[in-house]
Each structure stands twice: as structure tokens, then as C-alpha cells.
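Presented sequentially are two complexes of chain A, the first with chain B as partner and the second with chain C.
Entry: the complex of A and B
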């Protein structure tokens, strides 16, 4: 248990430190953020032709309201915490990789929904935007990550999985 | 949270504040005259735009008569119109020149050209070839005039920003630039930029204020420019009004505390799973 916690903390710190480095910001985070804005704009444009996307900014051409998907807004940090937990937990590597992909996908899908909903909430009511932004969506993103984590842990319960993980952990 | 200033900065800021109080700064509307209705104003050879720029306020050029890229650029309905070499743009240029000369004639307290990390109180400052990387903090209500021989801001998400505390507002910030200003891509710039030559806004930059170039061009690229309708000067209010493009609102997914909470929950659940696993053995 102590080993799991130590590895978890180490991976979280390592991934966050890596994420903050300028090369990774330029090569991964900025394109990822712009991609999130484009995906959000494309989805919103499917039912609203007045949505514009430029880089990280999603803007309404009718009233000029805009949201900016900044570093920290792109769901990567939440995904990093989840991914670190999966990598730290003793499990077969195949299982870990599937979990990482599923976790990243789940957080990003919900984050796209969050961005689009905040885009329209902000145009409708600044107060509703603030409330949803500060409380509702943070709770939902956390619940999403927690649900993925618990489901992933549950799929590991089969004894053969534990045995396999133990076998991987034991040095030859 | 109160901002603690280093002693030398406090002295410098206090000095600049005293200067500002002693100078008969005109009201902002008086200062800009008819140019106050313009968000973007250029001179020669043109004003150019690429991409879906949204401007709140008029866009004009004089003595040239060429504005390109509108559309796809657009002006929020009811906030202004295009003025290509007409008498309205001509008068706005005349008023911009007056405002520029007024700002340039103020005596500013010298500050370091690297504006990031500085904390200023209302006043007049002289920064030389100013560059903004990181955060410039303005603290307190009142006018801020930053004189610069040139102005650049860093590109990249969150690479440069101006933070307003204690009643300071974007609309009370004035940049008097002795040559050209270059606002970096993705920058969220604030304040009224009056440049002697040209003003360039990088891709996806936003400017809450105005881009007024006396002799050169204004270049836009998928930007948002919101002419200030606010400020602490009487007659001005702060913040986006209905129909006015807002500066993009950042939308963080999780706060620091939420991330700590999430990590704790995952850790607890993980430890629980490991305990169950130990019992199964």
C-alpha cells in the first residue's frame, strides 16, 4: 500500500513537472488545447452556426462572448491524476494501458461537454457560468475520474488478474 | 489579498502616483475625443485582418482608405462601423494625435522595461522598450499611463497578462508607444494602445481596449478587440456590456484543491482495493 502511494505521488509530481516544461507545453499542451477548442467548436457549430474557433478561443459571432481554454482548462491535469493512479497500481501492463486510454477518453469527453455548456451558460447568465464553472463541473469531472478508477479497479478483481500482477511484480 | 510591494517599487509607485495626482490628466473621453468610438484605427497603408476577428467599436483608417479582411472579420452590430479614409476617420486620427501627444508629454517615473512581475499603483510610468512576459499587476483605482519606446508581449497561452487589483481596470490603462506595438499570439492584452507607428495583434490575441496607430498599419488575425466602455473616470463602467465581445474567460477544469481532493479520493480507493486484495490471498 505504501509502495502504491509513493509511486502514485512520484508519478503525479513527475507528470505535472513534465507538463509544465516549455517544450512539452509547445509540443503537446498547446496543440491539445487548440484541438479541444476545435472539437468543441465543431460540435457546437453542428447546431449553432454562430460559433467561431480561433486557437484556444471559442467565440460567439452574435454577441462576442468568448471563452478561452487555458492551460489547466484542457482536462489534462485531471487525466494526469487518474493516469498516475493507474500506472502506480499493481496490475498487468495491458490492463494499465487500457485504463489509461479509457480514463483519458472519459475525462476529455466530459471536458468537451463542459466547455460547450460553459460557452452557452456564459452567454445566458454570468452567475450561472460562475456557479457551474467553480462548483458543478469540478464535481462532475472529479466524479467522472473517480468512476473510471473504481470501474477499472473492479475489473481487476478476478483472481487470475491478481496472480498475473503478482507474477509481474516478482523479480525472476 | 493585499499586495506587498518591495520597498523600492513602493517608493517608485508612490512617486508616480503623486505625479499623476499633480498632473491635470483629462477625462478619457475628452482625451480621445471622437477616437473614443474606435476600437481599431490605422493610418497608412491600411488596416488588415485575417480570420474571424470580432471587433466591438469602429474600425477606421486615414489618410489611407484600405481596410482588408472585413469580412471574415466582423464588427458587433450596433457598436461601430468601418470608416475608410472618410472625415470621421480623419477626425479620429487628429484626436488620436492629440491624445498621444498629451500622454507623451507627461513625466513618467522610470520602471524596468521587463514589465512582468512588477506591481504598479495609478500613475505615469516610463518603461523604455517595454516587454511583457509574465504578469504585470496594477493595484488601485485610477489612471495608469505607461510610456514605452516600443511594446511587445510574449506569445503563448498565459505567457503574458495584466492583473487588475483593488479597483484598477483595463479601461484606465494607457500605453503610449513611441514606435510599434506587437501583441503576441494568444495574448490577452489590456488597455488602450496608442502607437506612433504600427500595432500588430498576433493570432487569437484579445485586446480589451483600443489599437490606435498614428502613422502605420494595424494588423489583426483572428483576434477580439473590445473598445473600452469602462474605467474609473466618470462616465465609464467596467466589464463587458451586452453585445460587446468579452475578453475570453479562462475555464480551468479543476482548481488546485479539487485536484488534491481527486488525488486523495483515488489514493483512498486504491488503498481500499489493495486491502481487499490482501484479504483474498
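Entry: the complex of A and C
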């Protein structure tokens, strides 16, 4: 547990510091956030034709209400935590990579739901928006990441099973 | 504790979350006082002499600094930046819901709440430092004696405290105190014994 925690914290701090650097902000964070806004707007447009996206902003053309997707709301921090948890836990690399890919998908699906729900909550009630934005959705996204990690843990084989699986894979 | 079904755990956490949020919100002003004291401790450690008192109004904490600013010519004022504790303490509700969902013993909630104060104090302290070192402009930053590298450190500490700690710390403290549940998840399918929680 101690080794896992040490590696986990080191990866989280390392990836987080990397995420904050201007080159990565420009190359990854900004395009990712703009993509999230576009996907959210496209999904919302299936039932509301008045939703527009520009950069990281989602806007309603009927009442002018807009939200801007900022750091902490683009799902990247939850993704960093999930990646770190999967890399820190002893597992075969193939299993880690599958877990990271599936986990990122699960986190981002819920994050799109967060963005769309906040967009409409904000138009309905500023107080409800603040509560959901600052407290509730933050907790739900982290719970999602935790659940994905726990499901991934359940699918892991014991080390002795990896060895026998490798032995079976090698032709006689 | 040997019920390691992840689905059941998630459902129980979701069911506990509204009650935990309500309890946290109701007690937030009292909790803010304690978190403010921890923030004061961090500030005394990181920037000795910058803050000499913390005052609370509701869930808002006002830090009485030793910095004297001049809002207008001939006027002098003590800088008293405010920080909303709610933004950094809601993780207590998530931690309590996670702990109740694995039916852990009650003392673990108290122990976890105590451990979380260290992180919450960090977040509040770095919110204040970010205001002084970055948000209020170069004059205030120079008055506090913050150089370039210190402002960079403050920016990283603030980002950690604002974005990562509020949600990650509750999960890490929960994993530390309720590790038997995680062991149960790992070992259940392998027929290995699971430690009691």
C-alpha cells in the first residue's frame, strides 16, 4: 500500500505539473477542452437547436447564457488521477493500457453529462448551478473514477495467473 | 467487511451522498473555523509573519495579514483577503459517504475528517497566497516579498489545492482507512481471505 501510494502521488504531481506547462496547455488542454465543448454542444443540439460552441464556451442563442469550461471541469484532472492509479498498481502493461483507455472513456462520458447538465441548470437556477458545479459534480466525477478503478482491479489476475498465461502463450 | 461488490458500493455511496452533503453544509461554519486554524498553521510554516489572525463570518474566512497597503494617497489599510472555505471542504461529504458505504466503524469518519483538515488547510492557505502573490498584483506581491520562483511555487500549490486536493484527498484518506474494502475487491475473485475492516 505504501509503495502504491508513493508511486501514485509521484505520478499525479508529475502529470499535473506537466499539464500546467504552457506547451501542454496549448497542445493538449486547450484543444481537448474545445473538443469537449463541441461534443457537448453537438449532443445538446439533438434536443435543443439553440446551443452553440465557440472554443471552450457553450452558449445559448435564445437567452445569451454561456458557460466556459475551465481547469477542473474538463475531466483532465480526473483522468490524471485514474491514469496514476492504474500505473501505480502492479499489473501487466496490456491490462493497464486497456484500463486507461476504457477509464478515460468512462470519465469523459460522465463529464459530457456534467457540462450539458450545468449548461441547463445555470439557465434554470444560479443557486442550483453553483451547488452542482462547485460541489456535487466534482464529487460524482471522482466517484466515477474510483468506481472505474475498482472495476479494473476486479478484472486483474493474480501474479501467478499472469505467469501461467504467459507460459500458455509461448508455443512448445 | 467482506462485501466487495463495486456496484453495490457505488449505489450505497450515491444514497449516502445527499445526507452527507446536507450535514456538511449545515455544520460548515463550525468546520470552517477548524480548517481556518489548519490554514493558519500552513501559513505560519510556509510564510512566517505574513498572517497574524483568522476571522470567520459564516463559512468565509478573513485572514488578517501584516501587509499594509495604500488604497488612496494618504490612506493606509491592513490587507485582509477572504477565502470561502466551502469550496475546499466539501470533500468531507464525499469521504463520509464513501466510508458509510463500506459500513466502516464510526471512528474512521472522525479520523478521516481530521486527516482531511490537513489538505483543506493547504487549499485555503494557498488560495490566500495566490491572492497575495498573484491575484492582487505585483505591488502586493512585492510587499509580501514574493519573488518569481515563489510565485511559481504558489501557482502550483494553489492548483493542487484548488483542483486536485478537494476531491482526491477524500478518496485517498478513504483508501487509507478502508483499505480492507479495496483488498476485498482485489482478492474476492481469487478466493483469498479478506481482512476485516
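The definition used in the following text is that the second predicted complex is superposed on the first by the 156 of 172 C-alpha atoms of A that agree within 3 Å, B and C clash if a C-alpha of one lies under 4 Å from a C-alpha of the other, contacts with A are read in each partner's own complex, and residues count from 1 in each chain.
Quick note on the criterion: contacts are C-beta pairs under 8 Å (C-beta built on N, C-alpha and C of every residue); 3 or more make two chains touch, one makes a residue touch a chain.
These numbers were taken from a predicted model, which means no experiment stands behind them.
After superposition on chain A, the partners chain B and chain C are seen to clash. In the superposition on chain A, contact is made by A:82 with chain B only, not with chain C. In the superposed model, A:1 lies in contact with both chain B and chain C.
Set side by side, chain B and chain C differ in how many residues of chain A they touch, and the one touching more is B. Look at A:121: by the touch rule set out above, it reaches neither chain B nor chain C.
Looking at the shared chain after the overlay, A:136 reaches chain C, while chain B stays out of its contact range.
Once chain A of one complex is fitted onto chain A of the other, the partner contacts of A:72 extend to both chain B and chain C. Shared-chain residue A:150: touches chain B and chain C both. Look at A:36: by the touch rule set out above, it reaches neither chain B nor chain C.
Of the two partner chains placed around the shared chain by superposition, neither chain B nor chain C is touched by A:11.
Shared interface residues of chain A, touching chain B in one complex and chain C in the other, are 1, 5, 12, 71-72, 77-78, 81, 134, 138, 141-142, 146, 150, 153, 156.
Touching chain C in their complex are the following residues of chain A: 1, 5, 12-13, 16-17, 20, 71-72, 77-78, 81, 134-136, 138-139, 141-143, 146-147, 150-151, 153-154, 156, 158. Of all residues in chain C, only 6, 9-10, 13-14, 17, 21, 86-87, 90-91, 93-94, 97-98, 155-156, 159-160, 162-164, 166-168, 170-172, 176, 179, 182, 185-186, 188-190 touch chain A in the complex they form.
Chain contact summary for the complex, chain A toward chain B: residues 1, 4-5, 8, 12, 25-26, 29-30, 33, 52, 54-59, 61, 63-75, 77-78, 81-82, 84-85, 88-90, 111, 114-115, 118, 122, 129, 133-134, 137-138, 141-142, 145-146, 149-150, 153, 156-157, 159, 162.
On the side of chain B, the complex with chain A involves touching residues 51-52, 54, 56, 74, 76, 156-158, 185-186, 188, 203-204, 206, 222-224, 226, 240, 242-255, 258-259, 261-263, 265-267, 269-271, 273-277, 280-281.
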